[in-house]
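Okay, got some structures for you below.
Across the two complexes that follow, subunit A remains constant while its partner is subunit B and subsequently subunit C.
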Partner chain A sequence: MEEKTVKELKKIVGRDGVLHTPEDLAVYGYDGTFEDSSPDIVVLPETTEQVSRILQLAGRERIPVVTRGMGSGMAGASVPYRGGIVLTMTRMNRIIELDEENGMVLVESGIITAELQAEVEKKGLYYPPDPSSNRQSTIGGNIACNAGGPRCLKYGVTGDYVLGLTVVLPDGRILKTGGKTIKDVVGYDLKSLFTGSEGTLGVITEARLKLIAKPDVIHTASAEFPSLNDASRTVNAILSAGIVPVTLELIDDTAIACIEEAMSLGLPRDVEAMLIIETDGSDKDSVAREIERIGAICKENGARTVTVAKDEDERNNLWKARRSIAPSLARMSPNKLGEDITVPRNAIPEAVRRLKDISARHGLPIAVFGHAGDGNLHPNVLFDLRNPDERATMEKMIAEIFETALDLGGTLSGEHGIGSLKLPFMERAVDAVSLDVQKSIRNLLDPLGIMNPGKALPE
Partner chain B sequence: MSQKNDLHKPSENEYLSCIRCGLCLSNCPTYREYLTETASPRGRVALARKGLEGDLKLTPNLYEQMYACFDCLACNEICPVGIRPADLALEMRYFQEQMNPKRWKGTLFSGLLSKPKSMERVTFPLRLYQMLGVRRLVYALGLRLLMPGQLRDMEAMLPHLPQRPLRSVLPEITESHGRSARKVGFFLGCAQSLLFADESAATVRVLARNGCTVITPRDAKCCGMPAMGYGRQDTVLDMARHNIEVFEKSGIEKIITDCATCGSTLKEYGKLLSDDPRWAERAKSFSGRVRDISEFLMEIPIIKPEGAIDARITYHDPCHLRRGQDVRQEPRELIKMINGAEFVEMNEADWCCGSAGSQLITHYGTSLKVLNRKMDNVEGSGADIIASGCPGCQMQLNVGVRRRRSKIRVVHPVLLLDEAYSKKGT
Partner chain C sequence: MEEKTVKELKKIVGRDGVLHTPEDLAVYGYDGTFEDSSPDIVVLPETTEQVSRILQLAGRERIPVVTRGMGSGMAGASVPYRGGIVLTMTRMNRIIELDEENGMVLVESGIITAELQAEVEKKGLYYPPDPSSNRQSTIGGNIACNAGGPRCLKYGVTGDYVLGLTVVLPDGRILKTGGKTIKDVVGYDLKSLFTGSEGTLGVITEARLKLIAKPDVIHTASAEFPSLNDASRTVNAILSAGIVPVTLELIDDTAIACIEEAMSLGLPRDVEAMLIIETDGSDKDSVAREIERIGAICKENGARTVTVAKDEDERNNLWKARRSIAPSLARMSPNKLGEDITVPRNAIPEAVRRLKDISARHGLPIAVFGHAGDGNLHPNVLFDLRNPDERATMEKMIAEIFETALDLGGTLSGEHGIGSLKLPFMERAVDAVSLDVQKSIRNLLDPLGIMNPGKALPE
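After this line comes the complex of A and B, so read on.
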């Protein structure tokens, strides 16, 4: 990076907001995957105006800009493959306005999602989207990837809570969209365009988010299934009965074995799958009735046992098991690649069957778990990156996993995004005209191609 | 110092298994102040890996990131994969020392700190500063305010110093009150002896009152933590062997310490010496018998003190007690046992106070930021007294209290217990 550009950036954000020692650059090249490529400089803005000036400068000098929150993405979306500026939003982390009366909150995009949740919960309010990384990801990152999470089955994904956004466009103009109203049909719905745009259309600096009343009662149950097929059938049986649980999580035997090897939580090792199911609401009796009905449906569909957590401790234990899956897989295997395909819910049993078949044919284990209730599965291939054969096999398996999802009428990604890792499969997954329109929109907003180049859409 | 070809390298497991999930960023005190990846555990792990694998030069700035870690162990605790970034930072410091030993560290850690006598000599001017009334004068005349900020804060770290180090006053054997039910060893830490003598004297009194005959070997040396912090693991091993031997002589059941840092280091001896066939067993047995004073008191049938302390008391978890030794509830239980004491839990009681041994001196800015977060929580609790069983934490909290001109008293929990015992019934 040219000396004069560095100077200019320091003038915009101050000396403390610009990092460029080799050590700084070495730690801003990765996200939550195994991808790694260092930027030329790291800039930490503190205001929307600063972001605007940085983008003007980047446009003038044709410097790529990769926006980054806490770097916990699962698709390489914030990895700066082409160098340039990593624009780190973590210092824009204020709550600007908590409007209790209207049930909404205006925040800067670098706030940590779990901290926002804790703050609004103090007032009896609730921000439902709960990506597993909510303690190490920012609202801005969640919006840019339209993050999901277990609770999204009942409450919807991040995008469903975005009421308004402030976005700095690639040319430095500041765009505001949406506002304090729940309904708003004036003009195109631009907030939905920027949600899930993975840093390619602009930089989200502020967001107004919808909040709901915090549910008082939660019940959590776990059901053990000797047959994986029965477990996946049960998912649809519950939903077809007109019940919408908060979460409906599937954990297969490979995942259970890994959790038990790594942490010994006392999960059953002689079943093919478990479901973790949660219901919530404000009325004690109706929530209890719901979980009972769910228990009965599980039993009818082949569950060996159904256990309802009696207290907060038991509940936490169940969730500990669910949250421990990804790290446990990491402990048991040198590398893992977690995908997040989504299929229509009636195709869940078939999808699970085919995933197991892919594993059997290629010889590398696949752990299947995920938010089965909304058809969002996380097949994780376990392999060793140091072994070139295994890497090649893994890549073949990933391709087959995507084929499976598309064959069954599903899609590549439910909540992680495309980033760079899923790009090669984009053209097969998205309608050609739609893709063409998307490219045109991108080109219109970012004609110079400086915003997160090489990500989200094929070039 | 070992030859370059048999360097002790940090263990690969501590960095190869990192899945870069970033969870450790959420509870790292330095990350949360700077909000940069470089100041985070995941960043340090990445730097260590790249440095050791040759992708990055092992520059002074890379090692500085290892020294910027406060070793509060929060990342070790939260890591879902079970790697220990804080330990890796210490190992990197040791690695640097092996490649490029600094002579002053040899003088300080093998020379000075391992000889209690010489340490007492060099700290004599500080005691003089106070004994002659200079300190009172400095405060009375407002001269303290003329000191540069950091010096002023360092001055504020000093508790009211004992006239003589406790080591030279405390008898080797303190008989129990009444029938002796057990014989225990007391490991008197350097900082406790030199700076918080009243507290360790109280520890011994409380033990004696609870049926313990207390042996305090005079020839025990520094536990080794300061040397460890500055990358001299080799020196720590020498100290460990010496201390193990000293306590083997006295035929005691348990080894008690009232310093969180000493306790966590003593409990590590077993691990540190596990590769040394002559010492592994002895070290393991030694570490297995070490107890923090609060941990020990809750293990034995403790006598409830009759006297009362009417105050709102909060508790700050020393990192090396809570995470280093998994002692969480015991100090709280001790405080709650005291008549009149109203125990209040502050927010983030287990968040580092920013002391980390000497960070107030070496990383002043960061240390103050971390301290401010702590002090907001302390003040938010509305407590009159903050108890914490670590000399480093107490010094740091004293700085916080003085900076905010607050009236909150900083004490060791055992001192409160001792006060309650001596007050008798009211």
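After this line comes the complex of A and C, so read on.
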């Protein structure tokens, strides 16, 4: 990068807002996958105005800009393959206004999701979306990927809580959309266009989010299934009974084995699957009755045991198990590729069968877990990146996993996004006219192609 | 319209799919407001393919196209001020697939909303969005306006149920977006862009909608408030207690008086306001306890009486009152203009005070009612269009109503849209950069400007 450009960036954000030693650059080159590529420079803005000036400079000099929260993405979206500027939003992490009366919060986009959640919960409010990365990921990253999480079955995904955004467009203009109203049909819904656009249409600097009242009562149950197929069938049996639990998570035996190897939490090693199910509400008796009804449905569908957590400790233990799947898999295998397919919920048993078949045919383990209640599964292929055969096999398996999802009326991603890793499959998943319109909108807003080039949409 | 064009349209949709006698044209020139302007021709397509051919023809000949459901819009969006083609979608009214297992339905866009609701309820399923027009309005019109309704407080608006759309673009290309998955972050969210775009970005021909389980238990209560201000304050008191009723409707004394003049339903004529509140769920005791808690909050905040409907008859009577407000107002006054402002929910008492003050200062009655729970009020100005003074006064009052909404952090429309009637106020309500981006997206998709010209966005 030219000295003149570096100087100008330092003028915009201050000397300490620009990083460019090789060590610094290495730290900002990876994400939650095994992808890695250093940027030319890292810039840490503190205001929307600074972001605007940085993008104007980048446009003038045709420098690629990759916006980054905490780099926990699962599809390569924040990896700067083409160098350029990594725009790290973590210094913009303030809560600007917590409006208790209207149940809304206005934040800068670099705030960590769990920190925001802790703050609003102090006031009896609740921000439901809970990507498993919520202790490191930022709200801005969550919005850019329209992140989900276990609780999204009942409460909806990140985008369902976005009331308004401040976005710096690729040409530096500052756009504001939405506000303090719950319903708003004035003009086109631009906030939904930016939500999930993976940093390709602009930089989200502020977000106004809807909050709900914190539920008073939560019950969490685990059900052990000798048969994975029975566990899969049970998901739709519960939902078809008209019950919408908060979470309905599936964990298969491969995942259980990895958790137990890594942490010895006392999970059953002699079953093919577990379901973790949670219900909540404000009415104690009704929540208790709901978890009982769910337990009965599990038993009718082949659960060996159903255990309702008796206290906060037992509850935390179950969630500890669920949250530690990804790190446990990482300990058990040199590498893993975690996918994020979704299928119609009645296709879950068939999807799980086919995933296990792919694993058997190719000889690499696939751990299957995820938010089965909304048809969103995370098949993780375990492999060794240093072994070229295993990498090639993994790639074949990933292709078959996507084929499976599409065959069953599903799609490539429920909450991780496309990034770079899923690009080769996008043309099969998305209608050609739709893709063409998406590309033309991108080109309209970013004619110079500086925003996260090579991501989210095929070129 | 040229004879050649009429012939070509008849070739596309058949002779009986084209209407052009003066009587026919008059019938397709109005909407739910007092606006009126005849098209040059009415075309009733039966397939997406026919719509595509019609739009290709319209583009070639530069003929404006106004898509129309049942003409119940409240902002002039379906009035063909510039003549051209009215594309009436009512022959495309089939249920293509009711997928009970996945809780989804695929429909053609011309189906009447209440007919769809009745069909899915036969299977124990439920389509919550319930615009007051649901017995005449179509799903396509609901999506084009992102329609709301009383139940949207708990269940969300039309857009929250749209899983996928088939849209014919202005150039005739057929675009498909979304599918049978609940979560989908593959590419940009185009379905939300088309939802609420008021027929300016294309013609919605099919929609896949999410359904939920039909609630087993519903309780409906009415609360009578001697003071309108107390009724307004109660709205936020209920929501701040962490309760989310299905509906939380406000009806003021002007509206009550009109209903009673028209229908004599036995509503109290000696109070300033009523609230109609509904709760639902699957747990009988819990729903009953919730309505009791709400009743107690009403009493604490100044309700004279709270009555819970004892049976379906009493419940229907309350909803009959609510639904008959608009027709009753129409009977009491030669004309009415019904607005649709939204404000943050804690601003409702101040908004209601200011609305009453506008009425007092200008001397024309304003009936205030609406979905107070989500801050969405329908102030209706009663006037006589034949009296030029009253029309001028009404126009001043409408401008002040919008100023009030914007002053209080609200906006112009919660569920009716902009159409033609609210266009003059849009630049004050929407960020200039956002408006510019919206216009450029419209121009990108409709460079010839044939789709509902002069609506939704300022030119």
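As a convention for this text, the second predicted complex is superposed on the first by the 459 of 459 C-alpha atoms of A that agree within 3 Å, B and C clash if a C-alpha of one lies under 4 Å from a C-alpha of the other, contacts with A are read in each partner's own complex, and residues count from 1 in each chain.
The working rule: contacts are C-beta pairs under 8 Å (C-beta built on N, C-alpha and C of every residue); 3 or more make two chains touch, one makes a residue touch a chain.
Quick caveat: nothing in here was measured; it's all calculated off a predicted structure.
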item: Which of subunit B and subunit C A:A118 touches, first, second, both or neither; value: neither
item: Subunit B versus subunit C as contact partner of A:A392, first or second or both or neither; value: neither
item: First, second, both or neither for A:I96, with subunit B first and subunit C second; value: neither
item: Touched partner set for A:P22, first subunit B, second subunit C, both or neither; value: first
item: Of subunit B and subunit C, the chain that contacts the larger number of subunit A residues; value: C
item: Subunit B versus subunit C as contact partner of A:A360, first or second or both or neither; value: neither
item: Which of subunit B and subunit C A:A296 touches, first, second, both or neither; value: neither
item: Doubly contacted residues of subunit A, that is, touched by subunit B and again by subunit C; value: none
item: Interfacial residue positions of subunit B with respect to subunit A in the complex; value: 16-17, 19-23, 25-26, 35-38, 40, 42-43, 46-47, 50, 55-57, 59, 61-62, 65, 80-82
item: Subunit C - residues contacting subunit A, complex; value: 99, 101-104, 124, 145-146, 148, 152, 157, 159-160, 169, 173-177, 179-190, 192-193, 195-197, 201, 212-214, 216, 236, 239-244, 281-283, 285-286, 289-290, 342-346, 371, 374-376, 409-418, 422, 426, 429-431, 433-435, 437-438, 440-442, 444-445, 456-457
item: Residues of subunit A defined as touching subunit B within the complex; value: 19, 21-24, 26-28, 30-34, 42, 44, 70-72, 88, 90-91, 93, 110, 112, 114, 133, 135-137, 262, 323-324, 326-327, 330-331, 334, 336
